[in-house]
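Order of writing sets the labels: A, B, C and D. Residues in every chain begin at 1.
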Amino acid sequence: MYSFKNDYSEGAHPRILNALIESNMIQEEGYGNDTHSQNAISKIKELVGNENIDVHFISGGTQTNLIAIGAFLRPYEACICANTGHIAVHETGAIEYTGHKVITVDSKDGKVTLEKIQEVLDFHVDEHLVKPKLVYISNPTELGTIYTKEEVKTLSKFCKSKELILYADGARLGSALCVKDGNLTLADMCNFTDAFYIGGTKNGALLGEALIIKNENLRQEFRYHIKQKGGLFAKGRLLGIQFEELFEDNLFFELATHANEMANLLTKGLEDVGYKFLINSPTNQIFPILENKQIERLEKKFNFYIWEKVDDTRSAIRLVTSWATKKEAVLEFIDELKK
Amino acid sequence: MYSFKNDYSEGAHPRILNALIESNMIQEEGYGNDTHSQNAISKIKELVGNENIDVHFISGGTQTNLIAIGAFLRPYEACICANTGHIAVHETGAIEYTGHKVITVDSKDGKVTLEKIQEVLDFHVDEHLVKPKLVYISNPTELGTIYTKEEVKTLSKFCKSKELILYADGARLGSALCVKDGNLTLADMCNFTDAFYIGGTKNGALLGEALIIKNENLRQEFRYHIKQKGGLFAKGRLLGIQFEELFEDNLFFELATHANEMANLLTKGLEDVGYKFLINSPTNQIFPILENKQIERLEKKFNFYIWEKVDDTRSAIRLVTSWATKKEAVLEFIDELKK
Amino acid sequence: MYSFKNDYSEGAHPRILNALIESNMIQEEGYGNDTHSQNAISKIKELVGNENIDVHFISGGTQTNLIAIGAFLRPYEACICANTGHIAVHETGAIEYTGHKVITVDSKDGKVTLEKIQEVLDFHVDEHLVKPKLVYISNPTELGTIYTKEEVKTLSKFCKSKELILYADGARLGSALCVKDGNLTLADMCNFTDAFYIGGTKNGALLGEALIIKNENLRQEFRYHIKQKGGLFAKGRLLGIQFEELFEDNLFFELATHANEMANLLTKGLEDVGYKFLINSPTNQIFPILENKQIERLEKKFNFYIWEKVDDTRSAIRLVTSWATKKEAVLEFIDELKK
Amino acid sequence: MYSFKNDYSEGAHPRILNALIESNMIQEEGYGNDTHSQNAISKIKELVGNENIDVHFISGGTQTNLIAIGAFLRPYEACICANTGHIAVHETGAIEYTGHKVITVDSKDGKVTLEKIQEVLDFHVDEHLVKPKLVYISNPTELGTIYTKEEVKTLSKFCKSKELILYADGARLGSALCVKDGNLTLADMCNFTDAFYIGGTKNGALLGEALIIKNENLRQEFRYHIKQKGGLFAKGRLLGIQFEELFEDNLFFELATHANEMANLLTKGLEDVGYKFLINSPTNQIFPILENKQIERLEKKFNFYIWEKVDDTRSAIRLVTSWATKKEAVLEFIDELKK
């Protein structure tokens, strides 16, 4: 049974496994001081066009978010994010465990607006309330929508004017950067945020996210934070090698582009049959609304999540594609739809 | 330059890489619910001879320790460990970050004794002091020494009588289990502790430790703890596949035996030339005492840590072997010594 | 200028000061082991009609909430409360600092409903989300409304059936118990909750809240929690003496009744002139809606908070009465209104 | 039975109670914004001869230490203190609960030396270990000994050169400042530390410590920290009034001088009879070594702690005097000794 449940159902892109094999028996320093990690950092600095950044490789999204946010904030400071934000919902209170409140703002499309942030600032005025200090966005959002270059820039300007840290969760950043007719670049993400991460796990790696910290005030002694939270790998090479390969010959972008194309193909197929969507998503997660009977029938051949009930006879499902998604599987799904 | 600095200088044992490749494109469930992780759990249950345990795969030692200890203790409870204990010294206060004091007892050989534990209990008598609740041991210790079966059993009985949790850090457990003429088994570790972990990172895996929790009171909803601390991998298969392979055909024990044999060979070579040791270690870390000039000479050909100054002309160094250590490198080191 | 800003503008009821003076030079044990604290505990046990409870005296509301909730929950467990809940809004993230998420539910009147709690339970189904475990109510709420006996009983039954802890913040509990025609008693609060606290600070004491824990599972070694959070006073007598006096000759209830009567008098005065209220409150906080010009005029003679903007010309203000509120001041306020 | 167990057996100095009564019915702002707190702050600024400091009144020692240290340190930073330090031993892991390791150094007299601090710095060199950042001293120490002006100055210079924060716990600071022939002043404490606190609880107040923060980097938004840890009192006046009175007409110093004189009288009485001491203490805690039989006899008439066993027939006891200690009780104790 083919799965569209998520973008981590397979292992790694074969080139990454190959890179692991080729480097395997060469002795390297531990804890990210290996040549591959250093090389991957150089490549990333080049890509974002900024030498004056810190890059750290961390195992996964929750781990990256809790280390970064826990390090960036003083004890009484809080994050602002959309009510669908991953840190607000799907990280088992990891941010609260570091001691910080996550303030959510209502959002239909997974994005935060300046108005909503301003409302939070207006409400939190003295020491009896937490102090909002960091705006968390995910790009793409948990609903597959994206912030365009212009939107990130606007957020950036606003946050600077309010002395707020802008932090972007890029678990699926590749997909946001590679949408059809998109104009956002890695360099933009670096220019317009204080820190962000580039997701590897969901774009071809076995595991690994590359955290980029541009704001100098946030960089200080950051490796202590990683180590203290259990995030510093003895064989840091495992992370370095994968990012080294992902940023060789454009692989990272090719993989994300493929994932998007497969999702776009699914979207087109669904539209052709006349289906609507919960929300328009140009990235690798889409949310078509189907009749419950249709869903039951599809579930016999495909794996996917039922996202939410829409009305008595229809529900939205989530379909996720990835670097590994086979075009035949997509076409088969569309064929099945038409039956 | 050949390195005896640690047991994580190379990648993974080739069989493990091979297992990753073979399983790579098969879709699996995420978050440790894949077939490989389930299979690895079954193998471990069989090996320890106990079906009624929980097994969780976690990325590394610090991560495992902080998740386990943070989950096992109530806020005012504390750990007891040797003053050389990894959690006390080399984890950047990870345990304290979870809110718990680490009470250290003096130790020459890295081991804790009943007498020292009793002293701690005698001192901590009311609510103005923390309540000691967990005894942390590492086997082998950070000094390469081991607890024998009889010693672990004695500790176990004592801890039970005092209502203390006995937890063992097994970052290099393979090495402890495979010492020459040893009698400790994985089943013993499970019988005599409330929880312990089997280290993969330092015995052939790319990363990964297998945490075994036997005490039922400590198992409750444990996956919440793992997720909250950022330890639940989307591609949990990465950990499962490695342990599945390590416990296939005795690989885990063969690798540890090789590491020990290489260390024993080094020890014998050093003894033959007349060198003494800081401490007698039967495992894969040894601590010979050399003249500083000799050390300087060796450093031109080999990598290793200078452990501590012994007197004005001599220091102890640390030599670490692993599954990947080449016999030729060991012999070359001994030859070099003799020059 | 007379203040209706809050119920902690004056010192203590004179009888309490007198009790401090009379006992002052008698040597007592420290840390709450004094005769007064023990005596106050006996009185409270008698009042609630249950010997099998633990009573602890703690300095203030935030301190009590953070100690209690921090002690009751395991790391991944969360509280549910109204979006106006004190812990959610006005405690500077104190609960989050203990590591726990505060999940808020929408509420117009400051109260939580079974439906809203059930929605939270339905959403939080696995280890990727926090586990809701404690329902926090304040009685009276932050909006002056109350839970009746029947309502607390219903909540209690529901929480038991869902294995949720029911915890009540009673910063102004006296006021809730002493509303006109009310039927809720201290004994009810004890019967229907797992733990709750009786506020002293806002009902005649200099400081102090009495935390009552009925649920045996939550009582274990609780003094360790108090001490660890800095809540165990060397001169615990200071708290004991005050509660001893408050529960002598009904003083506690007389003071709360006076506060309510003064608020009711204000309410009647405002209604007579034709004013509406943001919400109907039978307790010592009321929220009349006034024209902004009227507010400006009143502010020249009285202190109070402007609570929220209602429309372009009107706002709700908050008036708070207490044991110390003078009837003349209330009448003067009403007179001023009528001008 | 007269008690020499501690310096918090009685209530408050009568002048303090009187000040509470006189101010009782005057309405004041909450949360430390009352006129008394502001007035007390002015007096303290004058006394230390520095307008450019922050002063906060907090309930007790553990609460003050955990708020201050928790605010001053970043997550991976640690404190250094003597192995007898109050934060290391008698605060139920309050500092660890804020996430920070307390590194203890051996000490015979309760004091830390530059050599011992340097050893800690030499050992903690990279991100695998915590980063020592704050030196905690108590003056007087938990053993009654004191740091002289010269010693505090030397520590201060050393800490500055190493970028360490120097923080002094002054639970009994009055006693240290008022020792016979002493030369240390409040102004010195302010000059030579980054932050310190002046204990009220053990020198005549019902409760209360005055935290002084001189270092500008540590002052930022400090009230948020106090509130978040439950330390901001609604009736902050309770703390302000007491310190206002303590620093009126030298009361604070007179009380401490009396406590010292009573302890000195006890010391002289014990010396006259020929007793030795565990340690020489010029302050209000003394540690005479008595025969166990003598101790048993004294226990029938006096309350005190047995501090530690010295040999098979003798133990050291702790005698504590205070502002409230009666000279007759001291003389009676000495008489009893001579029997």
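Operating definition for what follows: a contact is a pair of C-beta atoms (placed from the backbone, for glycine too) under 8 Å apart; a residue touches a chain by one contact, two chains touch by 3 or more.
It should be emphasised that the depicted structure is a prediction, and the values quoted were computed from it without experimental measurement.
Peer 1: Between B-D and C-D, which chain pair is linked by the larger number of C-beta contacts?
Peer 2: Between the chain pairs B-D and C-D, C-D carries more contacts.
Peer 1: Tell me which chain's centre, taken as the mean of its C-alpha atoms, is farthest from chain D.
Peer 2: A
Peer 1: Using Cα averages as centroids, what's the distance between chain B and chain D in whole Å?
Peer 2: 42
Peer 1: Give, as an integer number of Å, the spacing between the C-alpha centres of chain C and chain B.
Peer 2: Computed value for the inter-centroid distance: 51 Å.
Peer 1: Compute the distance, rounded to whole Å, between the mean C-alpha positions of chain C and chain D.
Peer 2: Here the centre of chain D sits 34 Å away from the centre of chain C.
Peer 1: Residues of chain A touching 2+ other chains?
Peer 2: In chain A, residues 75-76, 91-93, 97, 99, 127-128, 130, 224, 227-228, 232 touch at least two other chains, as defined above.
Peer 1: Quick one: in the complex, what on chain A touches chain D?
Peer 2: Those in contact with chain D are residues 31, 70-71, 74-76, 99, 127-128, 130-131, 221, 223-228, 232.
Peer 1: Report the residues of chain C in contact with chain D in the complex, numbered from low to high.
Peer 2: It is residues 2-3, 5-6, 8-12, 14, 17, 20-21, 23-30, 59-67, 91-94, 97, 201-202, 206-207, 224, 227-235, 237-238, 303, 324 of chain C that touch chain D.
Peer 1: Considering the complex alone, what residue numbers of chain A touch chain C?
Peer 2: Touching chain C from chain A are residues 75-76, 78, 89-93, 96-97, 99-102, 127-130.
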